[in-house]
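Have a look at this one before I ask anything.
Just so it is clear, A, B, C, D and E label the chains in written order, and each chain counts residues from 1 on its own.
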Amino acid sequence: MRSKIDKIILIVLLLAFLASVYLIFQWVPPIKASNPAEQIAQRIFYFHVPSAWLGFLAFFVVFIGSIAYLATRDRKYELITVASAEIGVLFITLVLITGPIWAKPVWGIWWTWDVRLTSSLILWLIYVAFLMLRRYLPDGSKRANLSAVVGIIGFIDVPIVYYSIRWWETQHPKAVMASSEGSLAAPMFFTFMFSLATFTLLYVYLIRKRYQLLTLEDSLNKQFKEMEIL
Amino acid sequence: MDVPALEVSGVSKDFGRIIALRSVTFAVQSGEFVSVLGRNGAGKTTLLNVISGISRPSDGSVKLFGTDPNDRVNKAQLAVISHEMFLYGNLTALENLEYYSRIYNVPDAKNRIDTVLQDVELKHRRFDLVATYSRGMTQRLTIARALLHEPKLLLLDEPFTGLDQHAIGMLITLLKKQKEMGRTILLTTHDLHTAAILSDRYLVISKHKIVRDGWMKNSSPDEIRAAFFSAEAGENDS
Amino acid sequence: MDVPALEVSGVSKDFGRIIALRSVTFAVQSGEFVSVLGRNGAGKTTLLNVISGISRPSDGSVKLFGTDPNDRVNKAQLAVISHEMFLYGNLTALENLEYYSRIYNVPDAKNRIDTVLQDVELKHRRFDLVATYSRGMTQRLTIARALLHEPKLLLLDEPFTGLDQHAIGMLITLLKKQKEMGRTILLTTHDLHTAAILSDRYLVISKHKIVRDGWMKNSSPDEIRAAFFSAEAGENDS
Amino acid sequence: MMQTAIAILKKDLRMEFRSKESILAMWIFSLLIFVIFNFTFEVSRLVMLEIAPGLLWVAFVFSGMFGLNQSFSLEKENGNLRAMALMPVDGGQIYVGKFLSVTIIMLMFEALIFPIFIIFYDLQLSLGMFKLVPVLLAGTIGFTSLGTILSAVAVHTRNQQILLSLLLWPLVSPIIIWSVTLTGMILSNQVTEAFYPLLLRVGAFDVIFFTLSYMLFDFVLED
Amino acid sequence: MMQTAIAILKKDLRMEFRSKESILAMWIFSLLIFVIFNFTFEVSRLVMLEIAPGLLWVAFVFSGMFGLNQSFSLEKENGNLRAMALMPVDGGQIYVGKFLSVTIIMLMFEALIFPIFIIFYDLQLSLGMFKLVPVLLAGTIGFTSLGTILSAVAVHTRNQQILLSLLLWPLVSPIIIWSVTLTGMILSNQVTEAFYPLLLRVGAFDVIFFTLSYMLFDFVLED
């Protein structure tokens, strides 16, 4: 049953991915820009922003999962939390890779200590530290507790990152999506939404897989223990 | 009969690959003195840690006086002597006890500290830093710290460690007094003789399970020793 | 007679205001097994520390095999079991022993490590971090560590601490074997019975002085106990 | 109610100031931080002034890390952290006690560093400088309120010190950055109308972080 | 002869890198140091370049302090420092072992920090930069050769961390300052004829500090 759902998701995901590649690189008209490199680079937008949003979502799941764990002490929530944190880090890593690739042709530099860029980096660091903490602690309830605590406190930083763009003058573009959708041309908006949907599906697929793997690991450990008992 | 002072039901504990306790179940009535016996690595310390709430069981549950061990009320009635001393080396004995008396809200703390220090014969050294104490003196202070707040349930993990002959006698007297006052005591020790003197009942843990739960008055020391050694036959931990 | 294995002459040690040893003088011949007895805080650990060179006497001098205890040759023949375990919690048992075998230049280290691990019955746990060991298991490893380099002079400060009945028997056997091999052993313990079984001679320290230096074979355990307790009468440390 | 927190605070301060030399050591240490900074940055006075607020806070953060590490190593020593888990008190109380002791020690440090800072940079003392008091307080409380709970988390791991940095610095960075900005405004005598909203924002984060940590501390202690 | 030193070195590195995450943690830590510096110093790129060599060395010194503290806390844990006093080896050997492990870890740190430094400051990589290798080596060895023996001294006190700073920083400051100067020369591509004599001077101090510490270490171990 489970694997059947996964298979369906995977197929849909592949199709959606192909479609969004078509939309991004063929269908959507290029922006008006002086140099062609910039035009091409702009297409990163459709990877860059959805990755960031999904990263935020993943960390939100970490937050909710951590609260749920502390409330119920159910291992299930701990595993979801870990899976989501790992995938969130992956997505923010994508942002940190696509951002500079975009920045080089547009701004002429790979990196600048702009608030938005720095706060993205900091966000990434927070959840890397979270994963690191888990690596350093032996498996058990202590680890689950401590990482849940960090998962909750860490999420407080996400709004800071999100709002930093409003709080400071920065080089990085202001919110184009959240504030006024009108500012984005219709085809661009559609392509963006499609890409966002694809990324969301990717997130769902990844977290299901990772969660399954983690539970599998658990039951394997249990079986080992039972074998040792015999 | 009242609600038992301690109820351990189906408790297991593992540390990743290593198993420390396997579905341990027993209950202790108020006022009982129970010795927990077993070989090195059997799981005695882990059992006491799970009971005190320091360590959360992987499976099963513990109840103190019918409620959760993490209840504030239960914690106030609990005393723990563990392998660690729970004392600050850079404070004097007196300062350590003052600290704990404030935390445990001990009434008439000054007198109570005086009493426990006298009980463990450390009064003359109360102004010295604990870091300068000899091993036995540290252990005595640990005992004083544990008894300070007149707990109802005592979890004592090898409390005789490092004590000299005289201090052992002193602790035996102290524990007998505690028992007379109706307190519930769980003791681990490797000294079967002392266990036999003190306790009403004994549990033998072997390979992380309880393999024997008996009454001292029905068993001679030799019988207990036999139980202990037979349980361990061929044992080489897990 | 040969040069004595150990010569302590007029050793005093104080820590500022606190006195730990007061002009202690005695000698131990090669192959002797001496138990150092005394109450908590008497000065036993300090005496052993001074002998091993960990601690420098405030007064007097110590000679091992006729020379300074800080001599490289002497150190290589010395084993110390102290209140501290001298092990790294973040290394496995095997890694700890490998480390010490390199430091002490143990020949055929692999086999030797195997032997000592077997002796203390920890072989099945050799790949586990020492930090995850139970108290008794740690003590066993400490013993293994001390015996690793086949030392000629053993200074054992309460080596039975935390060991279960079975392991105590095991250590007694080990120590008897050491004695047969002609090694010199100084042991402190609060267990007069074990001291009587093992040693040829005993020293009783009271109030930081040696108050009794006798031969086990001339004294019954009860006599020793009496000596021990009489020495302490009215003692309340310094 | 606050009795536990006060008992812990008293114990910590007593240990910290066991000997009067401690405070002397702290003073010399803070002096040293400046000497190090001044000597390694062989730059013009103008540049120095520009980076001064940053330097000040870097000095605070590093001495704060020392304080945090010290404070929790102490608790780890003889299993005292476990003893805390056994106490019949609210974890929040224990948090408040540790928080207060760490904060007081860090504030003391700052009080020692600041005059040296003034002298080294030849800054003009003025009434406007009193505005620094709420800035230092707000920034420090933000740092210590998070630092206290994260130390209690990191102390359970092997690489305690590095992990504390990894956890704490990213989380506390907004507060530090804002504090640097505020300090810069005051030192350069350019307190704009942006000052109070920013200060308020730091204060708001202090409250959030403190409350959150207060509520979560029980889980950190418990196994 | 060197067997002891190697045994200690191996043991230290093994503990440090027990898990592969350690090196990752170090890498992230070094990244963080730069984030902290960059963000607290909200200054122009020009100023940033001017203070860059100083920042680099401050980053090295602070991570070096972590390394030293960690390395000797480890030895303190179960009385292992006393075990060292009992070893039938020359104190100098133990010193060499600890020195090597601390130095290797610190050099590793530097190797991690440096690329980040290059990227963040958008520096031009050139052949001239290879001159940095002897500078980093000489500066680091000076720091660790003194740091190792002084850690072993400070570990016996209560305020270990602060005391280590008090002892080490003043003593090591000439070496750090010279290293900053040398680094500055290289980064700004202005290697004058003063370069080699200065480098030689750092090297000479290294030798002096190392030899002295080697000879004195026995006394540090012994009671």
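Just so we're on the same page, a contact is a pair of C-beta atoms (placed from the backbone, for glycine too) under 8 Å apart; a residue touches a chain by one contact, two chains touch by 3 or more.
Since we're looking at a predicted model, the values are computed, not measured.
Participant: Tell me the fewest steps from chain A to chain E, where a step is a jump to a chain it touches.
Facilitator: The distance in steps between these two chains is 1.
Participant: What are the two chains with the top count of C-beta contact pairs?
Facilitator: Maximum number of inter-chain contact pairs occurs for D-E.
Participant: Could you tell me the distance, in whole angstrom, between the mean C-alpha positions of chain B and chain E?
Facilitator: Their C-alpha centroids are separated by 47 Å.
Participant: Rounded to a whole Å, what is the gap between the Cα centroids of chain A and chain D?
Facilitator: Centres of chain A and chain D (C-alpha means) sit 32 Å apart.
Participant: Measuring from the mean C-alpha position of chain B to the mean C-alpha position of chain C, what distance in angstrom results?
Facilitator: From the centre of chain B to the centre of chain C is 28 Å.
Participant: Can you check how far apart chain A and chain C are, centre to centre, with Cα atoms defining each centre and the answer in Å?
Facilitator: 60
Participant: For chain E, jot down the residues that touch at least 2 other chains.
Facilitator: 18, 25, 28, 32, 35, 39, 158
Participant: Touching at least two other chains at once: which residues of chain B meet that condition?
Facilitator: 15, 56, 83, 90
Participant: Could you check chain A for residues that touch two or more other chains and list them?
Facilitator: Residues 122, 125, 128-129, 132, 136, 140-141.
Participant: What's the complete list of touching chain pairs for this entry?
Facilitator: Those chain pairs which touch are A-B, A-D, A-E, B-C, B-D, C-E, D-E.
Participant: For chain E, which residues count as touching chain D in their complex?
Facilitator: It comes out as residues 18, 22, 25-26, 28-29, 32, 35-37, 39-43, 47, 50-51, 53-55, 57-58, 61-62, 66, 69-70, 73, 158-159, 161-163, 165-166, 169-170, 173, 176-177, 180-181, 184.
Participant: Using the touch definition up top, name the residues of chain A that touch chain D in the complex.
Facilitator: Going through chain A, the ones touching chain D are 70, 119, 122-123, 125-126, 128-130, 132-133, 136-137, 140-142, 145-146, 148-150, 152-154, 156-157, 160, 164.
Participant: In the complex, go through chain D and note every residue touching chain A.
Facilitator: Its residues touching chain A are 146, 149-150, 153-154, 156-159, 163, 166-167, 169-171, 173-174, 208-209, 212-213, 216, 219-220, 222-223.
Participant: Using the touch rule from the top, collect the residues of chain B that touch chain C in their complex.
Facilitator: Checking each residue of chain B against chain C gives 15, 18, 38-41, 45, 83, 121, 124-125, 128, 132-137, 139-140, 158, 161-168, 190, 192, 225, 228-229, 232, 236-237.
Participant: In the complex formed with chain A, which residues of chain E make contact?
Facilitator: 19, 21, 24-25, 28, 31-32, 35, 38-39, 119-120, 122
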